[in-house]
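In the two complexes that follow, chain A is the common piece, with chain B as its partner first and chain C second.
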Partner chain A sequence: MGTKSRNYYLIPYVLWIALFVVAPILLVLYYSFFNIEGHFTLENYKKFFTPVYLKMTFSSFWYAFLITFFTFIIAYPTAYLLTKTKHKQLWLLLIIVPSWINLLLKAYAFIGIFGTYGAANKFLEAMGVGGKQILFTDFSFVFVSVYIFLPFMILPIFNALNDLNPSLIDASNDLGASPLTTFKRVIFPLTLDGVKAGCQIVFIPALSLFMLTRLIAGNRVITLGTAIEQHFLVTQDWGMGATIAVFLIIAMVIIMLLTGKRKSGMLR
Partner chain B sequence: MKQLVRALVIVLVVSFGLLYIVNRLNTAQGYTGDNTLTVYNWGDYIDPDIISQFEEETGIKVIYETFDSNEAMLTKIQQGGTSYDIAVPSEYAIEKMKEDDLLLPIDHEKLPNLPYIDSRFLDLSFDEKNEYSIPYFWGTVGVLYNPAEVGNLDFNKWDDLWDPSLKNDILLVDGAREVIGFGLNSLNYSLNETNKDRLVEAKEKLDHLTPNIKAIVGDEIRLLMQNEEAAVAVLWSGIAQDVLWENESLEYVVPEEGSNLWFDNMVIPKTTKNPEAAHMFINYMLDPEIAAQNAEYVGYSTPNKGALNYLDEDTVNDERFYPDEETTESLEVYENLGKRMLAFYNDLFLQFKMHRK
Partner chain C sequence: MTDKTIIRFQQVTKQYDNDPAVLDNVSFEIERGKFYTLLGPSGCGKTTILRLIAGFIEPSDGNIYFNGKKVNQLPANKRQVNTVFQDYALFPHLNVFENVAFGLRIKKMKSNIVEQKVKEALRFVNLEGYENREIREMSGGQRQRVAIARAIVNEPEVILLDEPLSALDLKLRTEMQYELRELQRNLGITFIFVTHDQEEALAMSDEIFVLNNGKIEQSGNPNDIYDEPINRFVADFIGESNIVSGTMLEDYVVKFTGKTFECVDGGFHPNEDVEIVIRPEDLEITKPQDGKLQVKVDSQLFRGVHYEISCYDNDGNEWLVHSTKKATVGENIGLHFESEAIHVMRYDETEEDFDKRLEAYEEGSHGN
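And now, the complex of A and B:
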């Protein structure tokens, strides 16, 4: 088979990327220059830099940061313990299975659990703490998001830890490093790429969450994703929605660059 | 290359084969262009028995499809490629569809049952002379509350919502016009206000409501109120009726200062392939007995005067869902304020949502 015929096999991929990756991004960019009446304008960009949207951007980043932070705090020890268990793959599977369930179904389940008369409050009452409002708070929003993103963070970290050469740890111990130093100087730096990949997979979607902001946070948390949804579906101000999307895409590219892998071959 | 071409040919052949089979199946079941009718309606918004009765009586096959928002319906019809014969949009969506020239005029001569519709629901601002639309159901926006939880508040005034005792106890429906609307109503302004100063004033008043608001939600409001998640909710009468069926201890009221009067209406989109059958269907739905049967199933208020005779007396005399003419006079129908104004309403609503406790 010559190079020429090999090039033909690239056609489907090139078409795919052109139609479903490049074209949509260009379309988003194109729409962002039109106002609600369909006239060419930079008005949308000006509007993005008003306090309303800047505040929204800030709160999106803040919540995405919180979600990523807590996911990481829980995921790293979990992944670490997983590598120490006997039936690693089975445990890993059990952690991954919930992510097969539709996000919406899980969100509805949490409405029931966190509701005033839900299981969580029954438990609190039985413990003698008394009922509390859990649903529609910042806590419930971050909790449910962390729950949903957890498998995506555990997986890359688990892979990184699993690939770690055990003799490096032995060497560190033999040379007199305390367990803490071993972790700080050997294990963590060597799994950093897994951590970066995990943070990337969590932070980027967390930035544009929108269903959960309504179902779990009762629209008390407004992110850029919520605003995009509203502009496209309700206001039909596609230009403004596209403008916000442009900034989201820029933010995502920056995050990808910041957390991108520098060394190759560590990630799976 | 050869393999690629072969694969392409196989895909094409299989596709055409499937298309042929679908066609054959449709014909075998009687689904051809001439005697089918595609109805595009809100979910769970018609008694399925009525569809079978209509099919039996007329020999027309009905294909029933559903949507969950006016915007989704509009987009789908605008994009084309559909062949809906009947759609059931709300009043402001009809104005938009008229503007965009998506509707077919309705021939009143083909609707002998039209006089059964109460005259107060005909010839309204969004479609004068009912050129394009025939009322299907109607209702109001009001307050659903749990009398046991709110002390002696009765919500005859919108201002009762601002009562400090309701801290964190109010659910709002996620609609810009509804929420900004009751803010305007509480200041005795019109629901269709276009004066920006007044709109901002209403939004600022709503900001003070924030401590009382538990959540701003969509359709979940029905479930949340059934579970008594909150003591008070601002919502549409139709949802209120659903909740009341499940939980009788609640109460629904339309505050005196005024509120929204909404209509869902049957229209014939230009995409129709069978306008004849569409007229037959509309006329069938206008039949008093059928309209009554439908109202009993769906639970919303029917605009059909004749149907009221067939309905339960308690239902018809229920002022909450069949308010008298005097009350409906004080209510306002949404007007299409134009994209600009609607965007302004939505911006205010977004800012209101972002206002933290």
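And now, the complex of A and C:
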């Protein structure tokens, strides 16, 4: 009786998963076997392994890595400082609020700021450095992406640090460890789960970014996300777009397995 | 201060924000190689004293000296002190071996020496063969013992133990009491031990500090504290006591429950109001007419070693008696005691005055 009624509760969830997760993935897989004329083919997969697409894959991973790396470099100290402040929940909220604003709005705001006559250039001129091309560069792409992803990385790291028993830090100092050693041997290993969760949340969407590549990077950065968009909306080559998506999905699954929590629950 | 002194607190006060002081102007000295116990009710500041010694917090006022050097600001990792934490504070991402080895690895000791020392420490706490266990796979008592091993393996000058035996069953606890005491003697390390448990304190210590409300009420060796408590709080906290109010007619003559008794205490003003302590084991049941006090048995509990008999006198004072002989509830009995069994306490006497008075008037009167 108990398990039966519990099964009924699962129905909406299962329906949701089937309609919006499983079915689309199967459709993507299905389309990936057709060429632009609608004939069954393995051409798309062969094409994926040509230098054009491999380079695109590499650049996707490279930028996703850069974005994740810089986000982490900024997020960890920020989260650490947050746990030390008096009203930490309030500060955390202030950091999270920007993530509620629509991505496109933020992108357009940055176009304004980084544009030739934007605030950033005005500032550089005032500093005596002189105007620079900021928009449509790798730098602006990574910068804006990091800005957008930052709250998602800070949150899990903050939670991990916040859960850390402070007497473990005392214990480490007590046993002769300097603050740096304590960080390396106690604090960081014990917050690794939060770091992994944060990296996962940033790296996976960063792999398939496409709006920012056009708006901020001016299509100078071509990632797999951009390529998929181009194939579906511009060249109408759904087969090739789907093939790229298949590889993207595989990559994401691998990343999730790599950064997932260890089953042994070693840290809890 | 002598060169035996290893730690000295000089009028140390600790206050958080604007709350009342957690430690209020506390001064004491710790001598090298002795076993000290901090004893007191929950929240009286025992852990705070340990945290000050370990260097996790700084005093708000006053100074702390270690080997004659002021260490108020010295960080914890530079102090020759190791702590067994009240909540163990074992590292959850390391197994038992690595937890115990943590301090040795920081000192960059050779791995074969680390292995040997860790094994030895684990053997001492009866945890041989648990090296590869994860902390979450250990029981509360086992964790406590890992925490002890993690501190002693470093052989520091001072070990601070914050209720290190509280999670153990009686048998293991008694065993560990003996072994800790023996270890302390063998290594010659200074132990500062915190406990709620007065029996543990009496059994293990060279010196006991009885704390209450952020102040040291009394310090001394277990015998002195048990036999000559300075006030009602100490008398009540250490062992069980019968405490009644009385009047000191003159030195060596005290009046309580309407009767006059000879005693061995002196140094009072004539007719000074005082409190009288008689320990339950110093009371002896007699026939009513043979007793110094006449009481009626109210209830009786079998405590294993003795009966705990609760009686009331005509004034309504309760008298606890520990006796190996059984009494009958409702019966009128007499209570006999020696004049040495009476301990007289002045109201609001400082420890300094108390010690001076005792020295002047009680030479040789109490068996030591």
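Here is the rule we go by: the second predicted complex is superposed on the first by the 260 of 268 C-alpha atoms of A that agree within 3 Å, B and C clash if a C-alpha of one lies under 4 Å from a C-alpha of the other, contacts with A are read in each partner's own complex, and residues count from 1 in each chain.
Following the convention adopted for this analysis, a residue touches a chain if its C-beta (ideal position, glycine included) is under 8 Å from a C-beta of that chain, and two chains touch if they have at least 3 such contacts.
Being a predicted model, the structure only gives us computed values, none of them experimental.
*Asks:* Overlaying the two complexes on chain A, which is it for chain B and chain C: clash or fit?
*Replies:* Aligned on chain A, chain C fits beside chain B.
*Asks:* Name the contact category of A:Pro189: first (chain B only), second (chain C only), both, or neither.
*Replies:* The second partner, chain C, only.
*Asks:* A:Asp237 contacts which: chain B (first), chain C (second), both, neither?
*Replies:* So A:Asp237 only meets chain B here.
*Asks:* With both complexes superposed on chain A, which partner does A:Thr116 reach: first (chain B), second (chain C), both or neither?
*Replies:* After superposing on A, A:Thr116 lies in contact with chain B but is clear of chain C.
*Asks:* Report for A:Ile36: first if it touches chain B alone, second if chain C alone, otherwise both or neither.
*Replies:* A:Ile36 contacts chain B only, not chain C.
*Asks:* Given the superposition on chain A, which partner contacts more residues in chain A: chain B or chain C?
*Replies:* B
*Asks:* After the superposition on A, what does A:Gly176 contact: first (chain B), second (chain C), both or neither?
*Replies:* In the superposed model, A:Gly176 contacts chain C only, not chain B.
*Asks:* Quick one: is A:Asp163 in contact with chain B, with chain C, with both, or with neither? Answer first, second, both or neither.
*Replies:* Neither chain B nor chain C is touched by A:Asp163.
*Asks:* Report, in whole Å, the shortest distance between any C-alpha atom of chain B and any C-alpha atom of chain C after the two complexes are superposed.
*Replies:* 42
*Asks:* Name the residues of chain A shared by its contacts with chain B and its contacts with chain C.
*Replies:* none
*Asks:* Taking the complex as given, what residues does chain A use to touch chain B?
*Replies:* Its residues touching chain B are 5, 8-9, 11, 36-37, 52, 55-56, 59, 111, 115-117, 133, 135-136, 214-215, 217-220, 222, 227, 230-231, 233-237, 240.
*Asks:* Taking the touch rule as given, give the residues of chain A at its contact with chain C in the complex, in rising order.
*Replies:* Going by the criterion above, the answer is residues 165, 167-168, 170-179, 181, 185-186, 189-190, 265-268.
*Asks:* Which residues of chain C touch chain A in their complex?
*Replies:* 51, 54-56, 75-77, 81-83, 85, 87, 89-93, 102-103, 106-107, 134, 136, 150, 154
*Asks:* In their complex, what parts of chain B are in touch with chain A?
*Replies:* On the chain B side, the touching residues are 1, 4, 69, 71-72, 168, 171, 174, 176, 213-218, 220, 223-224, 227-229, 339-340, 342-343, 346-347, 350-351, 353-354, 356.
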